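Here come two complexes built around chain A, the first alongside chain B, the second alongside chain C.
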Partner chain A sequence: MKCRLLFPALLFALLTGIAHASNETAENRLKASVGDVVTIVKGATNRDALITAVKPTLENILNFGIMTRRSIGPGWKQLTTDQQKEATRLFTTLILRTYTAKFTPGEYPSVEYKPSSSPAPGRVEIPTTSLYKGSRYDVVYRMEESGGWQITDVVIEGVSLVANYRTQFDAEFKQGGSEAVLKALHHAVMETK
Partner chain B sequence: MKHTKLELSVGIFVLLGMAAIAYLTIKLGAGSMVGGKTYLIETRFANAGGIHPGCSVLLSGVTVGRVEGVRMDPSDYSAIVTLKLTGELRLPADSMASVKTSGLIGDKFVSLSPGADEAFLKAGERITLTESAVDLESLIGKMAFGSVDKGKENQEKVSKTKP
Partner chain C sequence: MHTPLVAIARKITAWVAILGSGLPLLDPSRVFASPDNSNAPYVMVKESTVIPVKNVSDQPAKHRGETLYLNSAVRVATSHAAPPKPSPTPSQDKGATPVPKTPSAATAVTVTVRKKSDANVASDPTSKPSAPKDDDIDDYRNRAVIADPIQPVNRGFFWFNHQLYRYILKPVSRVYDTVLPPLVRTGIYNVFDNLEYPDRFVNDLLQARFTRAGQETEKFVVNTVAGVGGLMKISDKIPSLSDIPRTDTGATFATWGFDHGFYIVWPVLGPKSLRDTVGFAGDYALSPLAWCFFLFPGAVWTTAVTTPDSARSLHGRMNAYDAATQHSLDPYLALRSSYIQNRKKAVSK
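Let's look at the complex of A and B:
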């Protein structure tokens, strides 16, 4: 009888331990990347230099492949392989430019980390509060394990980056198909120049 | 005798009418008007924003289900909302769910946005990519009154510049 109870108890303890360890790995990875970005922002003299310097760090921590696919939504499957590659390239540029446009070289945010949660196996949500230029923002980083922990969505003040882009790209796709999605991406990238 | 018969039939008619109204009220209120084959999936929100059983579930503006139940996950205090969806709806695994309001003070509903994953959600599975109800009051408050930290930061800057 005792053995019967012992096995589920051990399994539960093991799974809880694994989940806790995953959360910690994801948290450490996020903290290291945010630290790297802050160091780069501190040393940057102008925006172009900032984009060039911050790009490798962001490409390492953000999973642009998954983010592009999810942002385009159901229309993604209708894109040819070449169109998917082009969409990922454009989306990466769009995110990098939009992200770096928010930073003023020399000014950097202070980030406060809150306890993370694991909504499903292989997924971790890390809520943070960022204080930047006198304003406080609630930012939740959604991370997934695909080879290593990477960010797949960012929720700022309750608004998801992926959901926000999906609404726009899905509307474009319904109006003009895959060509319209790529055109909208081109247009958005040009606007961030 | 004639009068009694007439009164009886009027009574029965009124009773039937009341029973029909009661039936429709319960059915519409509980939200079990999603006919045919259905299945349940769970969604996890940081803030369910007052969603209750019976609220509509919309996809592209079309009602595809109802909220079956709302409970709290004691492990992380998140809200778990169970949705009852029509059987013919197949949702990709990376679909998203958001709590929305029709108009500024209208009814709350759950909006679904399908993703692009090859795998589909099965009955009992959970959508973790969600957007909670946007707290309009706090956003308006931030815009109207500014951030408390702004004053604090300015004070810090002034004290740093002073010898």
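Let's look at the complex of A and C:
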């Protein structure tokens, strides 16, 4: 009887232990990347230098492939391989611009990390509160393990970056299919140069 | 008390759904909106009823000149035409069924949605498509959405607001940002934020959040007395008062069971749902600054008192607007999505 109860208990402890370890790995990775960005922003003298310096860190921590695929949604399957590559390239440019536009040399947020949760195996959500330029923002980092923990979505004050783009991509797809999606991406990248 | 309110909310939602489906000329994408805000896309069936389609995307089809994207697991057939023979193309997914030829926009068409496995069974408009595959590509299928039956009108006002923000309000906000040092701006923000206490307190009570109402009162007293009329936010240093979720009248209506209704872009004010528009009127009525206008109509000092508040709220609004619309494919949709997601979070706090 005792053995029968012991096995599920051990299994439960093992699984929660694994989940806890995963969360911790993801949290450490996020903290390290945020720390790197803060160090760069602190030392930057001008905006262009800041953007150039911060780019490699963002490219390392953000999973642009997953972000592009989920932003486009099921329509992704209708894109040819070349179109998918082009869409990822353009979307990466757009995301990097969205991020770097928020940075000002010398001004950096103080980030407070809250307990993370694991909504599904291989996925971790890390809620934080950022104090930036006198305002407080709730920011949730959604991370996934795909050869190392990477950010797949950022939710600022309840607004998911991927969900927001998904709404826009859906409308483009309904209007003109994959061609319209790529055209809209090209247009957005050109316009925000 | 709660039950009649829920009943009223349901009636309003039903009317919104009817209004939404009754304006086909105003919104070509109407069939994709969720009239009841259940996050599920809809397709028209037998002209007047709607049924949910679980997954929109793979198969483009035309219905009355509008493009429909239906899941590969379902097929579309017209009542006056024989069901099409399957002839999958290489670009289609495995198991996909071809879409029938586009019906004429002038023809009255009945669209029937049914499972592929039921292809030989008589069509049943109430049958639902099979559940979508567990594919992470469609992780954001159930994101927050809002019905937008007056989209062309909204887009017109969005354009107007965009020009207003770009050429008038943003420069004003920039001057405010440049002329006043950060410390002064923070002080102004704190004073007017403190003055919004009655709105937060009353709405906490209306939502039966009595502990929060007490915390709000404590915060107001601490900031007013120790923070010199609210200039300094002393409450930030007290853990129990530093992070009280903000509430408003729109959130109260949500707690009572009222749905958003539909999306409205107001000139100057910007985006709101029908529910939050009524809520906005409630917030205005609960603002001590608005009371000044009613108690002392025409007094010049009332303008002097309210101008800094307008400037600080303008500053915040411009920042939020920029964050939502910059680097977007369609700024209108980006703002609408940001608005509805943000409100969902505000209500759930």
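Here, the second predicted complex is superposed on the first by the 193 of 193 C-alpha atoms of A that agree within 3 Å, B and C clash if a C-alpha of one lies under 4 Å from a C-alpha of the other, contacts with A are read in each partner's own complex, and residues count from 1 in each chain.
Note that in this section a residue touches a chain if its C-beta (ideal position, glycine included) is under 8 Å from a C-beta of that chain, and two chains touch if they have at least 3 such contacts.
Note that the structure is a prediction, hence the values are computed from the model and not measured.
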Checklist line | Clash or fit (per the criteria above) of chain B with chain C on chain A | finding: clash
Checklist line | Touching partner for A:V162 - first (chain B), second (chain C), both, neither | finding: both
Next item on the list: Would you sort A:P119 into first (chain B), second (chain C), both or neither based on which partner it touches?
Entry: first
Next item on the list: Check the residue A:G177 against both partner chains and state whether it touches chain B (first), chain C (second), both, or neither.
Entry: second
Check: Looking at the overlay, does A:L94 come into contact with chain B only (first), chain C only (second), both, or neither?
Finding: second
Checklist line | Contacts of A:E86 with chain B and chain C, given as first, second, both or neither | finding: neither
Note to self: Under the stated touch criterion, which partner chain does A:R70 make contact with: chain B (first), chain C (second), both, or neither?
What the structure shows: both
Note to self: Applying the document's definition of touching, compare chain B and chain C: which contacts more of chain A?
What the structure shows: C
Check: Which one of 21-29, 93-101, 129-137 or 201-209 is the stretch of chain C that crashes into chain B?
Finding: 129-137
Check: Just which bits of chain A does chain B share with chain C as contact spots?
Finding: 69-70, 73-77, 133-136, 157-160, 162-163, 166-167, 170
Check: Which part of chain A faces chain B closely enough to touch in the complex?
Finding: 69-70, 72-77, 117, 119-120, 123, 127, 131, 133-136, 140, 142, 153, 155, 157-160, 162-163, 166-167, 170
Note to self: Using the touch definition from the top, list the residues of chain B that touch chain A in their complex.
What the structure shows: 44, 46-47, 75-76, 78, 92, 94, 96, 98, 113-116, 126, 128-129, 131-135, 139, 142, 147-150, 153-154
Check: In the complex formed with chain C, which residues of chain A make contact?
Finding: 66, 69-71, 73-78, 94, 97-98, 101-102, 129, 133-136, 138, 156-160, 162-175, 177, 184-185, 187-188, 192
Item checked: chain A partner contacts - residues on chain C that touch it in the complex -> 29, 32, 55-58, 60, 67, 69, 91, 93, 135-141, 143-145, 182, 185-186, 189, 243, 316, 323-324, 326-330, 333-334, 336-338, 341-346
